[in-house]
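Written out below as structure tokens is the structure these notes cover.
Every chain is named by a letter (A, B, C and D) in the order it is written, and numbering of its residues begins at 1.
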Amino acid sequence: MTWNRRKFLGAATGALSAPAVLAEGSGKPRVVVVGGGAGGGTVARYIAKDSDGAIDVTLIEPSQVYFSCFFSNLYIGGLKSIDEIGHTYGALAANYGINVIHDWAVAVDRVDKNVTLAGGQVLPYDKLILSPGIDFIEGSVPGWDLSVQTKMPHAYEAGSQSQLLRAQIENMPEGGVYAMVAPPNPYRCPPGPYERISMVAHVLKATNPTAKIVIADPKPKFSKMALFEDGWATHYPGLIDWIGEDFGGGDVSVDPDQMMLTIDGEEMAVDVCNVIPAMKAGRIAELAGVTDGRWAPVNSADMSSKTDPDVYVLGDACQQGDMPKSGFSANSQAKVCANAVRGSLTGSRIFPPRYANTCWSLIAVNDGVKVGATYEATEEKIARVDGFVSQVGEDANLRKTTYEESENWYAAITADMFH
Amino acid sequence: MLFIRKEMAQVTSESDQKERAAMTLNRRDAMQVSLWALMCLALPVRAQDLVALPNVATLEELIYSFAGDAPPEKGGVSIGMEAIAEDGYRVPVTIDAPSAEEVMLIAPGNPVLPVLRARFGPLAGAQSIATRMRLGQSQEVFALARLPGGGVNRGAQAVSVIVGGCS
Amino acid sequence: MMPTKVAVLIMRGICKRWALKDCGSKVRKAMLAICACFGILPVAGARAEAKDGDVELGAYLSAECVTCHQVNAQTEEIPQIAGLDPNAFMAAMQAYKAKQREHPIMQMMAGRLNDEEIVALAAYFSTLE
Amino acid sequence: MATGVKTRVKLPKQVRAGEVVTIKTLITHRMESGHRLDSDNQPIPRSIIHRFLCEFEGELVIDLDIGPGISTNPFFEFQALVPGPGVFTFIWFDDDGAIYTDSRAISVMS
């Protein structure tokens, strides 16, 4: 099924003036959520929980088990088991009556307002919420495409990719080379590339101390750089070689057959090559015709698409302004969206939007750092208001507390998404 | 020269050797050439030059150490720097001083005021140096530039630091 | 004014002392109790009580808290929300807001809550458990 | 001596005689400022790269005196005039007495 983008745009303009009409069937307004991660899981749960059965909520997610990208680096570092980062959708169905369908959404008809699944099912909606995460931009790392992801894993979807990367690291020859091709901005984070480097270093320092880590990075700097540089100098001196934009880190190609990586014209043999390509919104956002370039622009007040007021886009896939593409951000956006969607469908009170984010990163065992900010909705975008970041040279006890705090947060946010 | 030669002996210490072993053969050859060059050629380095930046308490003393009695004149040296630094640990900065023979970058709000002094040699392609600096707080950073005739220029740039970086 | 200033100073001393571990369960309970004693003072300016709060607004705002704080589970570093004494809660939020109590995230989150919102949250949390 | 010190230099491999080239250099170094306290509240002694030199065939390009206000992993970018074929030499001086060098040969197009 293909959809003409212009037809969508025309339809969306019409929809602005059309009165709200409920989907046929049960008489209850219907919300369809695509994607069961931090954005989709949270928004489905909040709409169902707070509307107390007045809204029919369907969640479409292909995976039976959700492995969180946050803490997946800790799995790679051997600090968490794969089960500890895996979550199922049973409680969403049992506790809130959410209809969870494990399938792929393959098309969106914004004129007739329905979603088609790979299995053939067509689901009508009054409000559609897309939270599909990311896809990779083909050709952004020459020599790499999805067909070689089992050889050169990205591990940017947690689960089997994380397991593969961890196994490759464990099987590196003595004195071998782990290489990462880091992504350009903006990118999904977590799993932060630099936390991942820290966790790989943690493993190699213990099991393969003569090994080397090389990062080819197209960026001149990265988030929390001073904290990571200081932490790497403390915990892993001489192990990590970061090659930024200034030294050709953006001029990269790979040869998966030969396990070669070329940085700035210099070829090197590598044993593990963790390629994290440039990113764009998950494909369904593009199929729905709500993207403009790589991402889907949204209104800062309620996360509704700038193309269609009955479609909302959450998390990594949306273009909203200053918030990072983190699970915490998606969770925060989902709550604003849930309040707005519920209000427009049932007349419940709609409160002013408020957004926040905190990202914890682990540099070494018990050496955690964090960065956070609050945001407000302006006419133009979601804009940063206030923030904080851990400081270089903090007390070791504080760093340990920060890590323990992140573990508590993990328990809370996953409960907030799934329980 | 004697002082330099004594220090050069340490170049081949153990950890450095280790680093070099990882380099390509070509690069290693180049390194040996450079060592030879250092040992045999007269470098533009004198022992007294190895004294680091002036260790002075006040801005006035620092300016005096660079400019002497000549009051620095505005213009002729510019500081390229974002007005808002989001990470005080690593603030990109460029000093441009066309026709200067020497420049000094000063951060009056830092624990140590002089950040960098650059002397441009005969093969400098431009009187320009870019680096990344630490800024402990919001402040007006400024630069002094000495001209071949002995005159001194000054330039300044105010910067707001969101997260300070001077520990 | 003077008694308020004294109370703030005492609170600041207490909070600094426990800055690194202010959420350990026993310590936390003891501290909340102490804060509750002084807590009336900073809140008194607003003459607000939890029972006057907008519970529905509080419920909406609380969504921001539960990203990190579980409603009914006590974890080592992050305290649970249900069962907090409303006055102690309001005092704690005002202390974070005034940066008299240490914690970067809580100072940031409380920093943008106005008095009405703090009261609304207290009202909502007092309906839990 | 600081462990794991690594130098990095970027410049064109080939130029025309008389051309001005951009040179970027980096050395991995913590640049301990001397103003930090350790966990026992004792000051951590200063340990920085305090000087950097670049020369081409014995002629000075640039000579830097460096304070603790320069960031971790000191980065410098500057311009050099290349009169003909030859070798650029880069020298970093550490507070602890260590000297690190790197060099790059450059060829000249006819």
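Here is the rule we use: contacts are C-beta pairs under 8 Å (C-beta built on N, C-alpha and C of every residue); 3 or more make two chains touch, one makes a residue touch a chain.
Model, not experiment: these values are computed from the prediction.
Peer 1: What are the mutual neighbours of subunit A and subunit B in this structure?
Peer 2: Joint contacts, listed by label: D.
Peer 1: For the chain pairs A-C and B-D, which is connected through the larger number of C-beta pairs in contact?
Peer 2: Greater number of contacting C-beta pairs: B-D.
Peer 1: Which whole number of Å gives the spacing of the CA centres of subunit B and subunit D?
Peer 2: Distance between chain centres, rounded to whole Å: 10 Å.
Peer 1: Which whole number of Å gives the spacing of the CA centres of subunit C and subunit D?
Peer 2: 52
Peer 1: Rounded to the nearest whole Å, what is the centre-to-centre distance of subunit A and subunit C, using the mean of the C-alpha atoms as each centre?
Peer 2: 32
Peer 1: Cα centroid separation between subunit A and subunit D, in whole Å?
Peer 2: So the centroids are 39 Å from each other.
Peer 1: Where does subunit D touch two or more other chains at once, residue-wise?
Peer 2: Within subunit D, residues 3-6, 36, 71-72, 75, 77 contact more than one other chain.
Peer 1: Among the residues of subunit C, pick out those that touch two or more other chains and give their numbers.
Peer 2: Where subunit C is concerned, no single residue meets two or more other chains.
Peer 1: At which residue positions does subunit B touch at least two other chains?
Peer 2: Counting only residues that touch two or more other chains, subunit B contributes 19, 89-90, 165, 167.
Peer 1: Could you list each pair of chains that touch one another?
Peer 2: Every pair of chains meeting the touch criterion: A-B, A-C, A-D, B-D.
Peer 1: Where on subunit D does subunit B make contact in their complex?
Peer 2: 1, 3-6, 20-21, 33, 35-36, 50-51, 53, 55-56, 58-72, 74-83, 87, 89, 91, 93, 97-105
Peer 1: Within the complex, which stretch of subunit B touches subunit D?
Peer 2: Touching subunit D from subunit B are residues 7-8, 10-11, 13, 15-16, 19, 30-31, 33-35, 37-38, 41-45, 49-50, 52-53, 89-91, 94, 107, 110-112, 114-126, 128-135, 165-167.
Peer 1: In their complex, what parts of subunit A are in touch with subunit C?
Peer 2: That would be residues 46, 50, 328, 331-332, 335, 339, 349, 351, 354, 356, 358, 370, 372-374, 385-388, 395, 397-398, 401, 404-405, 407-409, 411-413, 415-416 of subunit A.
Peer 1: Given the complex with subunit A, which residues does subunit B contribute to the contact?
Peer 2: 19, 22, 87, 89-90, 92, 162-163, 165, 167
Peer 1: Spell out the residues on subunit D that touch subunit A in their complex, using ranges where they run on.
Peer 2: 3-6, 8, 10, 24, 26, 28, 30, 36-37, 39, 71-73, 75, 77
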